[in-house]
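Input: structures, listed below.
In the two complexes below, chain A is the common chain; its partner is chain B in one and chain C in the other.
Our next item is the complex of A and B:
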């Protein structure tokens, strides 16, 4: 059979031109179906994992949030009782407030410090030194959060901590970093920012490398100073990366758990208790899985709203090249 | 020109989404189904032997030690095999949570290691009473009960039934450094010392630039012992009815068993009672007025910081039980450098203790085998091998003095541990009603607020009272 006779080919004098198989004949539709089947097969593992570990538990949480369930006995449907109780639960409201404060402080600090560090590391310096800095800033990201929280607990101990030791040497009073309602949340922010900073830093380093050097050279010829360059060139051109880092940072902050759990157990009182700690406490300590699920559903909605809000706001300040 | 059709058209997308929702609903149904009531699997059999599964608090190494103990039993009873499941947690509340998660996931447990903190939680929902077994084997059990203080037995009873044979216990005693007390000329701690002796010693030690006392904010060994010696408690204590079958059969001639009931009911909150406020104020003053104690760490069983301070000569005393002896030895503290005594007398010298033992689970289909294992675990030989080396205080009186005292480990006054039960018969278990995990959370939270001086002791105990009242009302 001549090449030009094959389905999906068209012959012109002197050459054979392949034709797109999406041209509408019956056999082509069959090929589309085969391709689609192959695609579904490739997607199947992810789809199954998604259903089992994300969609299933998500729907289960929503269903459980309308029940009273203590693991040992059967779930009992109680309508909206969990949500009504939640609305009047001062501890839950405090945990949401703490979480919002944590989100704002940690995201602001993380973005600002990571940006300054990234700009600093991208400035002129020996390549070897640049790699040392990049590695050093990134190392906390791959360190266990639990280990970091334990070490920070020792460092910030009011009575035995190294931080207070130096403060006292410098003539300051001991600060009750973990034992005071004024300080505990802020101390947790410091520990979290220290750990997560490296991830945002690496994002910014990658973003900065994508900015064409000639823009900076032109600015330099025009006599633009470093601060103006940062404000008018770097930040606008890095804005898609900043948006991504902010969205990721906010979502991670809204779910913060292990650092406050290890460093303060949410205390003193509820001063550093976060929403996820409340979910864990309700479901796994108090065995109120229905109530814990109701808090989780509200947190899910809040995360969704926060993310939508960020994307909506980004239309005003994110510039895509 | 016709537009190229997308590879994933709308119909396919809708079909996929529908399949996803259906799959999710199936997963949801599976996830939400009640597991425990439906679990009626036959007893686990392996090579013809019945396998008894035991949940054990501790690491994999601890589980291996436990397994080795029970293997001594299975060597002579080859029709029973033991599988020990290690459950590691920082403190009892998280251990219980993990056990419940294990049960919820459909895992089968026949026996569970339980301490006072969770006895009523298990007894009220998950564990099976031992009354019939005890009465059936009364002749054999007489030897055990005659060797165990009645207060430990009563702590393992719930609403008239016995749920566990206690194998060990720890009361909150005072470990101290004789050198540090003598260096500042303070009254040496003794069985008859008072709260004033203690306060004067703390003041003197603080003035020497060291800490006199350090504690951890948890249910056992935290603020509760101070409430106890001041005549307080966060919950009301009543004797549950029942239990005569046990007291009359095994403790008829023991004066310490008089007036015992079928367990303890902690039914109502009295958290903001005056003795509690006074005791908490005392602890706040010890930290913030006398500067004699560091602010307590939050709710962890880990006492490593306390041990580090004590072994480094920066701390004169702390509350602990004999379980800490091996850790002190590992930190280089020799028997000459520490001793143990009772809590000082305030309005009373009532101590607080926690005891531990094994319960048989309601759903176990190997209950008879489990009971044999419980008896084996409570035998003298096994308790001796577990408690040796300063790991805990045996529940058996005959083993709690010279038999387990090791001169190389100390302390000199080893007999204080069991004397706490015998000399102070009103010594009582940690208040731990069925919702003990929530109660511990509420308790440590409000004690933390008082210790950080964010609230006065009165304010914090008022808050604690409100929450405990709500909790106990919710639990019915």
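Our next item is the complex of A and C:
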């Protein structure tokens, strides 16, 4: 692939004569053109795939959302019908409500617990302990949600589950973790927080390492207690990381699928059904590709809005050093 | 603190030390508690996968295996095409890693080193795909794969994975930190862009390539959503889809066998963690893009 033999340097057998590559306007323009051509060749694979598997399908999703389409016959344009239908579709509305509840609960829990753990790990302790804790918190992050959902679907079982066994031993009632409309979504939140906690924890540990030590030393001389220190120093100084973790957490949890799909199948009823489960069900079980696309477009818009909202908020309350 | 004017009375110092060690001890106990909660499901999985299938759902749970029923691990291979699932996972993750490294490194080199019209705009356009969730494109991709006659083949999952805006971003950032000197020297020797890219830049970028390879492998090894939708035949399933099928098919009767399958599927990830944890943790921190 001799994409660009440099005209600016002449090489003879056995010796190299360096000539400034930018001498002479004629060769400069030729050189630039060659460099640009090379660049486009390098970019070609990524951009072809980008157009075929991201940009094209995204536009196609929007187009499909205005049609009725079952793959077998040609799509039929039906205007805004899909959007009107989903606005009145109780199951879709429930799935959005469930997803929002899931996002809020899981992000709040995740950020709070991870922050406390990250601050805790900063305290005096032998290095190997810090290493053990980090490994324990982090292993669930690299494990597949599928494996975790399978394990938890046994552990949270009402009658045979380990968790209820210990609750009963401690004198509590059995909790219908997966079998009750009141608990199912919350159980999904617990499983998901358990899995993602280590990720947020690692982000916070990295963020804390960027806070200068002397600020804390000054605070300890002034006799500031640990909780005041957390509230007035750590959280404000860590706020860019907290915001980042929140954005990432919200976007990831808006897309939750495997955990409820495997642990509860969205049930009982629709009590733990999420938006992505509705997309999957409409398109790939009911073969309503147009309707599924409309739900997907709404989800996409919500994700975009969340991203923008959070960046707008960041300018108001985040403390950048 | 020797320069503090009035020396503290000895009792106050001791009291303060005592309070500090109580605080440290409390923090330690809390961290220990959370670690146990984080590890318990894995330990339960392992010990239950080694109980006899008939006893596997009996309570109280056993945390330390006593029966050592390795038969469950053999049963996974007998009762479902587990080896096939495993092989499919290896093929999918491996092919995606290789393809993504090649395309990302090429594009990243162009963005980091070459000058061409439209560079800034093309970069922004590519990066904007980071904001597009898979759910927003999955339906048309499914239709397209059908038209390309790739539906229900491993290519359906592999091919879309070959382009990664994140991979381009990660490698470009790293390429920018590599000093230009060596490339300049190579250029003066008359090397082409391609030679410089392959012989100079890529070897220097090994750490970044390793991070991308590890993160991508982990992501595609664990992936469920796309394979679940794009693949319909049993013999094409990767592990996550296969395991869910296994769970549904064996039901609650053979918890031990299902968990043996789950344990086997986690093994490569565990090995990956043990050998590459620094890369893995740094990479994930750096990116924040692990879904």
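We take it that the second predicted complex is superposed on the first by the 272 of 321 C-alpha atoms of A that agree within 3 Å, B and C clash if a C-alpha of one lies under 4 Å from a C-alpha of the other, contacts with A are read in each partner's own complex, and residues count from 1 in each chain.
Heads up, the rule we're going with is that a contact is a pair of C-beta atoms (placed from the backbone, for glycine too) under 8 Å apart; a residue touches a chain by one contact, two chains touch by 3 or more.
Keep in mind the model is a prediction, meaning the values are calculated, not measured.
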{"item": "Of chain C and chain B, partner touching more chain A residues", "value": "C"}
{"item": "Which of chain B and chain C A:47 touches, first, second, both or neither", "value": "both"}
{"item": "Touched partner set for A:208, first chain B, second chain C, both or neither", "value": "neither"}
{"item": "Touching partner for A:167 - first (chain B), second (chain C), both, neither", "value": "neither"}
{"item": "First (chain B), second (chain C), both or neither touched by A:74", "value": "first"}
{"item": "Touching partner for A:57 - first (chain B), second (chain C), both, neither", "value": "both"}
{"item": "Which superposed partner A:136 touches (first chain B, second chain C, both, neither)", "value": "second"}
{"item": "Partner chain in contact with A:32 - chain B first, chain C second, else both or neither", "value": "both"}
{"item": "Touching partner for A:152 - first (chain B), second (chain C), both, neither", "value": "second"}
{"item": "Which superposed partner A:269 touches (first chain B, second chain C, both, neither)", "value": "first"}
{"item": "Shared contact residues on chain A - chain B and chain C", "value": "32, 35-36, 39-40, 47-48, 50, 52, 55-58, 60, 64, 71, 157, 160, 284"}
{"item": "Complex contact set, residues of chain B against chain A", "value": "2, 4-5, 7-8, 12, 16, 20-21, 23-28, 30-32, 34-37, 93, 97, 100-101, 103-104, 125-126, 211, 294-295, 298-300, 305, 309, 435, 437-438, 441, 444-446, 448-449, 451-452, 454-455"}
{"item": "Complex contact set, residues of chain A against chain B", "value": "20, 22, 24, 32, 35-36, 39-40, 47-48, 50-52, 55-60, 63-64, 67, 69, 71-75, 157-160, 176, 178-181, 264-271, 281, 284-287"}
{"item": "Residue ranges of chain C in contact with chain A within the complex", "value": "1, 23-24, 27-28, 30-31, 34-35, 37-39, 41-42, 44-45, 48, 57, 59-61, 102-104, 106-107, 109-111, 114-117, 119, 122, 126, 129, 131-144, 146, 159-160, 162-163, 165, 168, 187-190, 192-194, 197, 218, 221-225, 229, 239-241, 243-244, 247, 252, 255, 258-259, 262, 265-266, 269-270, 272-273, 277, 280-281, 284-285, 288-291"}
{"item": "Sites on chain A touched by chain C in the complex", "value": "1-6, 9, 11, 16, 18, 21, 32, 35-36, 38-40, 42-43, 45-50, 52-58, 60-61, 64, 71, 113, 116-117, 120-121, 123-125, 129, 132-148, 150-155, 157, 160, 162, 165, 194, 197-199, 202-203, 206, 221, 226, 244-245, 248, 251-252, 254-255, 257-258, 262, 275-276, 279-280, 283-284, 289, 292-293, 296-297, 299-300, 303-304, 307"}
